[in-house]
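Same chain, two partners: subunit A is paired with subunit B first, then with subunit C.
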Partner chain A sequence: MTEYNPSESRNFYILGDSHSEMVHLIDSGRDFTRAMGGLLPEQSEEVQTSLRSVLDVGCGPGEWTLAMAQAFPDVQVHGIDISQGMIDYASSLAHASNLDNVHFRVGNALDPLPFPDNSFDLANMRQLEGVIPTASWPQLLKEMVRVVRPGGIVRVVGNEWCVSNSLALETMHRLMLRGWQRVGLAHVPDERNYGIAAVQGSYLRDAGCVNVQERPSIMDISIGEYFQQSGYQLFVVSLALVEPFFLSAGVMNSKEELLRLQQQLEIEMSDKDFKSIVYTLTSWGEKPTDTTLQ
Partner chain B sequence: MSMSLSWRDMLRDAISEPFERERIARAVGVSTATLIRWSKGISSPRPQNLGQLQRSFLTEKHDEFVASLTEEFGPPLEVEIPEPSALIDFSFVRQIWEVRAMTPEHLLFWTLCRKVLEYASRQLDGARTGMMISVAQCIPSRNGKVQTLRETIRYGTEPWSTDLSPHSLFLGGDSLAGYAVSYGRMQVIDDLRENVGFLPLTPLTPEKHEVSAAAYPIFYASRVAGCMLFFSTLPGYFSSDAQRTLIVDYTHLISLAFKPEQFYPLEQIALQIMPPLEVQQAKFSTFQQRVTDLMKEAFQASHVLTRTQAEELVSQQFAEELLLFSQQNLPIDKEIRHDRVQSI
Partner chain C sequence: MASYDDIQQSSNAASVIPQDGEIPRLFHFDLPRLKQTHQVFPELTSISAITNVLDVASGAGEWAISAAQASPELHIIGIERDPRLVEQARAQAEEQGVKNVTFQVMEPFAQLSLDADSFDLVNARYLVGLLPAEAWPQALQEFLRVTRSGGILRLTETDLPIANTPAFAQWCDLVSQAFLRSGLSFSPEGRLFSITPMLKPFLRQVGCQQIQQVASTCNFSAGWPAHEEVVRDLTRTYQLLQPFLVKSTGKSPQEIEQLYQQTCSEMLSAKFSATAFSLTVYGKKA
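Presenting the complex of A and B:
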């Protein structure tokens, strides 16, 4: 497994960019889309029928980007991600799908976005908590506003982890958040929440958006529920991939400790009494036009 | 004098009802906003959307709708199954080599299979008419013979659920997968609906979307680890050379997910008849709990037992119990009909 070293790589993503993570992101992205009620469930039909070009920041292997290109065949959809491997895989899937309205390129969201002003009708950023350092969010949101046309939409989707009756899952949660605190990814001052839900709306307003709105959704991953298997994969695979981050952030002392937590997690998440939900918040706002500014 | 309506007018009428708008959008694989744009003449369907749009339009004006579409987009509409390229993109093959070389052992099978299934479903089902692909793996018995296969991973696109969990279905010598593994070659069925009562056609899912099917054995050094199964919602989907070439190539790629010891000589394959889907499903309600119980026991004794290892152990126990059930309950003179399967 590769080392977690953001100061050198400028890549803060805690699960790395292995092939396992690519597959994991495709699967979990698809499940989150379904749990949220669609690709743009909060946007009006009027907004959706007016789309011509869309940007997906931190697109990973392109699950949302490809699905948008599929669902909106006359919209040009662009995806940008720091990982060459993720972009190669996303491009392969676009080729296999025979999609010619989707475009992927390598780029770091911590740098100015490589697009001219007013290029897109909608800029999307989904589940980048755990990827973008806290201090970089305001500038990134300003960049997203810059590349969206006046009247266009900037959209941010964030997860607030989950609540569960599994000690192993709660332990994993606590270790993750402790690590986030140590490397500058957390948005609140303690280890109980990511805090992203509390700040998404204000980030959008501070970046200049107007008409900021929010919509919550949940994914029930309890035993017997539709997303049970999704939740199992989401956390068991995440825990298998997070080792370099845990060791680098100093929240876990040995591989043996992690192995035992992995075993405990697999058992508890398969138990007939396991209960948990993951909750997600979508925040979006408009770039002001001359009219909205008056 | 009545004016004839264009396909856009008819589509606009049909999608004015929200439920119908959602249904057609899902069937065509586009957003409702895209349907609205087509109906208003803001944009037009792409060639790959035309077949599904035609099939999903179910009102009494279906024939007029198709005639109007044909008038605007030309006659190739009746070509419902676009022929895929018979080649897998080399950059993807290189990614699979890298998966095999770099992925930790406990994630290798899942990662490699999921990557291949995702890519294969996109290439083989370019028009998004619906496809399910699964992997069935040889389960050795205590006497060393392979008496059953177990579905270990699956992936489906609409109308199948995209649920990735294997249904732990056991497949015997009377299944399409069993034929492919026993004979060591591709097996194809063009239309499952014409083969009622024929056991290889027993659907793998309760939804019964399967219309045509193909299976090809997973080989290494002339030994076999199981097979890949492909199902389509359309008849005759796997009849073209391009589809069959891709099926063989994807199965060879997925063989990289297996360890050499998971392959068995054909002489060791002695598949038996397994109980039907309904019987197995009733029994499977306890499968995951038995796996979990086994893992708990190991954990409490401070032993390392992965879920994969626990599932293998429970699979062997289940296979034995199901075989016993079959021997006690299935008619002795049960006939296996070979005439509706094409061996290739």
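Presenting the complex of A and C:
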């Protein structure tokens, strides 16, 4: 099992940076795209047709990046991720799909982005609240603004994960949130909320964006709902994958404790009365042009 | 920006102290958008079939008056248990010259003295805390009784706002724990209210059809358009919540007051960043 040791590796993949994490991220990425209503559901037709180049920061196995390249054949889509394994996997998927407008490269989002100023029409960052340390967000957002052209868009999608009537699921979130506090991933000073939704709009504004707007979406993972199975995968599978994180962050003492929680979670998420909704927020803003600055 | 004293003063002027630790309606996260867009039911593609609207637990008329202003073709009736709030609502409507809204004193979570099938839409917003968790199905059944066939029952709730400051977070934690202990919460352990995932199943349970869910968000960070209004609302409603928190948490009035003051001053700091998700769930009566 991979160690969770971000201060050494500067790799904050909570779920272990493994093959199972890649498959998991591809599946959950597709589910989120569907739940949100598309790849860029909040952007106007005008913005979508004007796109020529797009950057996806922390692209992971490239689910959104590849789907963008497929949906917009005239757009050059670039994905960057810290993990060589993720980038190899994404590149092989691109090759298999015969996509020549998608470009992947290894790079750490904590460093300056390896692109010149004003290179992209849109820079995207989706669900990185669990991997980018809180302290690095302002600088990363500034970098995204730098590489976007004036009038271009910086877009952040963050999750508050979920609210439910399941004790095991609420407990899992409590433990995860405690871990986030300990390793410097939390955006709010409490162990009840991930908090990214409360701050991502302010981050965009503080990085210099104008016309910052927000759009929420939900994924209903209650029993009998369309995303029930996705939710089960999302939480039951990821609970197994977060073991190194839980143990190294000290929020759990033993594998046995985790196993018990996992069994309880499987039972409760299959219960006929299980109810839960995942909340997602998309925030986006424009890099000012000379006119919008005035 | 309004100073803390301004907000305190205007909130004191507008408040009615609840009796015996009674809980006020805490949230109005739908109002900034309503006032900005003048769309009363933004999730509905057509509102041409909607004229008669019931607003349940209408309080001081906050939503009903704004909605009546935004859509003059609607006729809105607000029902509210507290006669002092009904007086306030009437005075407010009068003062603003809004004619298409009326208010009645009525217990909203009992049998309603209203005819069956009489409303095109029944609106119930941010009720969490106002009635015991187990009383929801029966209350909704009664709301549906006064809805006409083909009419809409519409619920809007939040699981709690989220902010980046410590006293605000601690206050929310206290509220959530107090709601849990008082049987008002749907959470198994009190992290959040867990009310929003219950709304669709509730509507299904009482027999609604074509149930839809739509999320909305209210960013009330410092410098955002909704900041001043939401901070004013929370400053007022959190003040009114103090007796309930004293009664249900075992903390002293001084401790609660101090946390309240810290929460209020945090909300006015330039670094304050906050949002609230709300979920609107609506369905048709068969």
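Couple of notes before you dig in:
Rule of thumb we're sticking to: the second predicted complex is superposed on the first by the 294 of 294 C-alpha atoms of A that agree within 3 Å, B and C clash if a C-alpha of one lies under 4 Å from a C-alpha of the other, contacts with A are read in each partner's own complex, and residues count from 1 in each chain.
Criterion: contacts are C-beta pairs under 8 Å (C-beta built on N, C-alpha and C of every residue); 3 or more make two chains touch, one makes a residue touch a chain.
Fair warning: this is a prediction, and the values are worked out from it, not measured in the lab.
Annotation for the three-chain superposition on subunit A: subunit B and subunit C fit side by side.
Contact with subunit B, but none with subunit C, is seen for A:K272 once the two complexes are overlaid on the shared chain. Once the two complexes are laid over each other on the shared chain, residue contacts for A:S238 go to neither subunit B nor subunit C. When both complexes are overlaid on chain A, the residue A:Q229 reaches subunit B alone and has no touch with subunit C. For subunit A, the partner that touches more of its residues is B, with subunit B and subunit C as the two candidates.
In the superposed pair of complexes, A:L93 makes contact with subunit B only, with no contact to subunit C. Contacts of A:A71 after superposition: subunit B is touched, whereas subunit C is not reached. When the shared chain is aligned, no partner comes close enough to touch A:S28: not subunit B, not subunit C. Using the contact criterion defined above for the overlaid structures, shared-chain residue A:H19 touches subunit B, although it does not reach subunit C. In the composite built from the two structures, the nearest CA pair linking subunit B and subunit C is 15 Å apart. Note: no residue of subunit A belongs to the subunit B contact set and to the subunit C contact set alike, using the contact criterion stated above. On the subunit B side of its complex with subunit A, the touching residues are 29-34, 36-37, 42-46, 48-49, 89, 91-92, 95, 98-99, 102-104, 106-107, 110-111, 114-115, 118-119, 122-123, 126, 128, 162-165, 288-289, 291-292, 295-296, 298-299, 304-307.
Chain contact summary for the complex, subunit A toward subunit B: residues 1, 18-20, 22-23, 26-27, 30, 34, 39-40, 45, 48-49, 51, 70-74, 88-89, 91-93, 95-98, 226, 229-230, 233, 236-237, 240, 259, 263-264, 266-267, 270-272. Every residue of subunit C that touches subunit A in the complex is listed here, in rising order: 159-160, 162-166, 169-170, 172-173, 176, 186-189, 191-194, 196-198, 200-201, 213, 215-217, 219, 221, 223-224, 273-275, 277, 279.
Listed in rising order, the residues of subunit A touching subunit C in the complex are 160, 163-167, 170-171, 173-174, 187-190, 192-193, 195, 197-199, 201-202, 205, 214-218, 220, 222, 275-277, 279, 281.
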